[in-house]
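Shared chain: chain A. Partners: chain B in the first complex, chain C in the second.
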Partner chain A sequence: MLFTSYGFLGFAAVLLLLYYLLPKRHQWKLLLAASLVFYLLGGAWAIVYILATAVSVWYAALRIQANAAQQSAYLQAHKDTLDREGKKAYRAQQKRIRRRWLTGCLLLDLGILAVVKYTDFAIANVNAVLGLFSKGPLPLLHILLPLGISFYTFQAVGYLIDVYRGSQPAERSLPRFLLFVSFFPLVIQGPISRFGQLSETLYAGHPYDGGTVARGLQRMLWGYFKKLVVADRIVSAVTVILGDVNAYHGAYALVGMVFYTVQLYADFTGGIDITIGLSEALGVTVQENFIRPYFSKSLKEYWRRWHISMCSWFRDYVFYPVSSSKAMQRFARFSRSRFGEAVGRRLPVYVSSFVVWFATGIWHGASWNFIVWGLLNWAILMISEELEPLYARFHAKHPGAGGLGWRLFAVGRTFLLICCLNLFDCFANIGDTLFMLGSVLTARNWGILWNGALLELGLTGVDYAVLAGAVALMLTVSLLGRRGSVRAQIAKRPYAVRFIVWYGLFLLVLLMGAYGIGYDASQFIYNRF
Partner chain B sequence: MDELLHILNELHPDIDFTTREHLIDDIILDSFDIVTLIAEIGEEFDVTITADKIVPANFNSAKALYALIQELQDEA
Partner chain C sequence: MEKADQRRRFVRIAVSALIVAGSLYLLQRLLMPKYVDGIVEGAFVAEYYREEKDHDVIFIGDCEVYENFSPVKLWQEYGINSYIRGSAEQYIWQSYYLLEDTLRYETPDVVVFNIQSLQFNESQNEAYNRMSIEGMKWSPSKVGAIFASMKENEHFLDYVFPILRYHSRWSELAPTDLEYLFKTKPVTHNGYYMRVDVRPVESETQGRILGDYSFGDKAWEYLDRMDALCREKGVELLLIKAPSLYPYWYPEWEEQVEAYAEAHDRRYINFLEIQDETGIDYNTDTYDAGLHMNLSGAEKLAVWLGRYLQTEFGLADRRGEAALDAAWKGKIAAYDAEIEAQYKLYGMERKDA
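Right, the complex of A and B next:
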């Protein structure tokens, strides 16, 4: 069920009504029932996968916690009889048991993800090799991807690792844990939430508060504006340009990548606004996933502001474990002795980052273009890291270079870089992406920017005017957001102003949303990940 | 503590690590710095900082980081 469908709006409205009519202690049970219904409507067969992940992680977490408790009790009972070495050996023995539960469960759940998401990718690569020896191709399996599997698997796995680390108590109730894994506003495109943060409000009873519900609905409305007025409008031109590289290249490629980057922002942040808004209306606090990402002055800063929950997941559960592993520490010592202090200090960071960006790439899609996208991000970040001393010297020599003009230049440069990288999302064939990027540099068709050719891309002059106004509004809201919550700023205004803002926005969505005869709301881009 | 301050100052010579209390929250130390620190501390103090110890509370100040090192030395 798409967030932009009438069915979803009806579903959410009925849920909100029932939610606040129910006694508070039963509210989370309704959320669980709603989440399972939502999931079943997305494909009844897929429930098996999410149940397998939820049950296995829930049980393994309980076993890990039970083992840790048993260890503490044993050490307490034998504190006078066991010497230091004895205690250490016992701890190591128990840790091995906990590690077996962790590893087994990770293999199962990441294995499910790997099989359903990457089997055909693996077969296609095997076929490519077989083709070199003139062998027949193996058939692809075309396994259907269960709804939100990349998101809920990571959420569940993060919880399990936290329990293993002792930073999160295990949840005893399976139904409550199942709600954490399947909570429907999050299940399709995140944010990938942490149990400790989400559970604070997910299971608590929430009395009806008109202000809370209104704030949630306002956030949803803003999300619908981004999705329906911007993303679902600009997608026409993006589809035309990126659908035919032979006809549309050069200046068209630049227009296409900028439009796609605007679409991606409006689509993904709009979807997350709907997620966070609906959760807020239900009294559930969900972590923010974006902090004005296109205002970033470097790629490194961008990755602190874009899809924050995914980035922090990879940092905490991949980057830190890999970089602090014994193998990496040995590699650090080896590289220092071999390559000297300066290089040896950086090599482990670069190797760990490589692993993370490879994983981030393939998480986005089972295709080489996503892997190349990830590794390009890695390469640019590492080159920037190497050039850091050069930047520092430049800024020391030119202290005035940190002014507004420089910052605007840095923001524009980063935005263009992101546009180029995003192009790798668009073509499964990396050659097409490289051709499009190269064509911008040799473009001779810049006239299309003013000779009316852009009106042949499925967008009328009115569409462009609406898009320009909507993008200006998104920009203004982002700028206002630097001073804190925009909704809180509006709430301080007189009633007439608030009325005009919110009803005006409602009318804009109603009148300017990309509907029409035969309208079919586009799938959210991040749903496919 | 002096050895730790020396490592930190090599990483960011412009920061006064004796007074700063929010090194992670203020993004003075990023994830790359932390990984470099883990290796340096491992070499200098002969302790292993595992991933579960990499939380803001342990890295927000030199004092907290030093307390972590002492705790790990005691456990070893």
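Right, the complex of A and C next:
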């Protein structure tokens, strides 16, 4: 069920009504039922996958916790009889058991993800190798991808690792845990939430509060504005330009990647606004996933502001374990002895980062373009890291270079860099991506920017005017957001102003949204990840 | 103090709700197509509700009825009070629900149904769905028509709130959208859409070979329902095939309709086969090379059909009924005025003037 469908709006409206009519202690049960219905509507077969993940993680977490409790109890009971070595040996033995539960469960759940998402990618690569030896190709399996599998798997796995680390108590109730994994506003495109944070409000009873519901609906409305007015309108031109590399290159490629970057922002942040808004209306607090990412002055800063939940997930559950692993510690000792302290200290970080960005790339999609996209991000970040002392010296020499002009330049430069990197999202063929990027540098068709050619990309002059106004509004709201919540700022205004702002926004979505007959309603881009 | 706050809050909510409801209603009215210029077919269905509903004959069907028979001529020649409930590419399920809708208001003696639409078993085009259904007043019949007609990409809610369908029309609004915001002008004469210009048939019609000539189950189902409804209401159902040369009417289709009429004891007239009797001349009586009749053709068909209706169904001549005479006087004046205007528009000379 698409967030932009009437079905979803009706579903959300009925849910809100029932939610606040129910006794508070039953509210979470309704959310679970709604989540399962939502999931079933996306394909009844897919429920098997999410149930398998939820049950396996829930049970493994309980076993891990039980083992840890048993270990504490045993050590307490035998504190006088066991010597230090005995305690150490017992701890190690118990840890092995817990690790077995963790590893087994990770293998099962990441294995499910790997099989359904990456089998065809693996077969295609095997076929490419077989082709070198003139061997026949293996058939692709075309396994249907269950809704939101990347998101709920990561969410569940994160919880399991937290329980293993002892930083999160295991949830005893399977239905409650199932709700955490399947909570429907999050299941499609995140944010990838942590159990500790989400459970604080997910299971609590929430009395009806008009203000809370209104704030949630306002956030949803803003999300619909971004999705329907901007993303689903600009997508026509993006589809035309990126659909034919032979016809549209050079200046078109630049236009295409800027448009796609705007579309991606409006689409993804719009979807997350709807997610967070609906959750808020239900009294559930979901973590923010973006902090004005296109105002970043460097790629490093961008990745602190864009898809925050995914970045922090990879940091906590991939980067830290890899960088602190015994193998990496051995590698660190080796590189320090071989390349000296300065290089030896950085090398393990770079290798760990490589693993993270490789994983990030392939998480986004089972194809080489995403892997290259991830590794390019890694390369740029590492080069920037290496050049950091140079920047520092430059700024020390030119203290005036930190002014508004410089900041605007840095923001513009970062935005263009993101545009280039995003191009790897668009083509499954890396050759096409590189051709398009290269064609910008050798472009001779800059005239298309003013000779009316842009009006032949599926967008009329009116569409461009609407887009320009909508992007200006998004920019304004982002700037206002630097002073705190824009909704809170509006809430302080007199009633008439509030009414005009929110009803005006509703009318903008209603009249200028690209929906219904005549528009090819797009899936949210991040649904496919 | 608290009471005053509550009252203020109530007033605020009430005023806001009024503004929202009022502005949305106005916007919806503004954005909906008015069908007064250019494509006018979308206005036909709604015009019926302005009528006094005391008709002897109701025509149901697509352009093969609303362009091919002149109710004014039927009145002038035979005193038959008739109305055409038709719109562009009106599918048979839409015809059924329009008939059902009509029978809520009146019970005519005869329903004339043009069977060309049997060729479709599914709606072909959302725009035609809109033109056939939007003008209907809300009733179970309209709901039925919507559900029977909707294509995969259509939503019931878009029919309930047409602003959702026409939301992007703001960029193509014309002065007529304001002029006809609340009431549109009539564009038909008792459902008849007039054209006086002439474009003769230039070549012989040939149908392409079809894989299967059988009409679909859904089409037959609605013809059955139409037949049953007429029996239930005691209305005669006359099946016709208008003399339009396009789309091609296959002999295989003809056989199926003839068999149906015989099996259900219904009269069936194929006007393509009685050209000599009706006097239709494809050099002078069509404005688009045989697809539709022009005024001359529509009047010839009305003259023939009126005689048939009186002979076969014993319809009375109602001229002399004061209320009807008065109503038709105005309609005939409007009819004549439009003939004049169209002759002028097309630079033609009126033969009977």
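By our rule, the second predicted complex is superposed on the first by the 525 of 529 C-alpha atoms of A that agree within 3 Å, B and C clash if a C-alpha of one lies under 4 Å from a C-alpha of the other, contacts with A are read in each partner's own complex, and residues count from 1 in each chain.
Here, a residue touches a chain if its C-beta (ideal position, glycine included) is under 8 Å from a C-beta of that chain, and two chains touch if they have at least 3 such contacts.
Because the structure is a prediction, the values reported are computed rather than measured.
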Partner chain(s) touched by A:Tyr6 [first = chain B, second = chain C, both, neither]: second
Partner chain in contact with A:Ala89 - chain B first, chain C second, else both or neither: neither
Which of chain B and chain C A:Val14 touches, first, second, both or neither: neither
Partner chain in contact with A:Leu107 - chain B first, chain C second, else both or neither: neither
Which of chain B and chain C A:Pro348 touches, first, second, both or neither: first
First, second, both or neither for A:Leu510, with chain B first and chain C second: second
Superposition-derived comparison: chain B or chain C, residues of chain A touched: B
Touching partner for A:Leu480 - first (chain B), second (chain C), both, neither: neither
Contacts of A:Ala472 with chain B and chain C, given as first, second, both or neither: neither
Interface residues, chain C side, partner chain A - complex: 12, 16, 19-20, 23, 27, 126, 153-155, 157-158, 163-165, 167-168, 170-171
Residue ranges of chain A in contact with chain B within the complex: 165-167, 300, 304, 315-316, 319-321, 323-324, 326, 329, 332-333, 345-346, 348-349, 352-353, 385
Chain A-facing residues of chain B, complex: 27, 30-32, 34-36, 38-40, 42-43, 48-52, 54-55
Residue ranges of chain A in contact with chain C within the complex: 6, 460, 462, 495, 499, 503, 507, 510-518
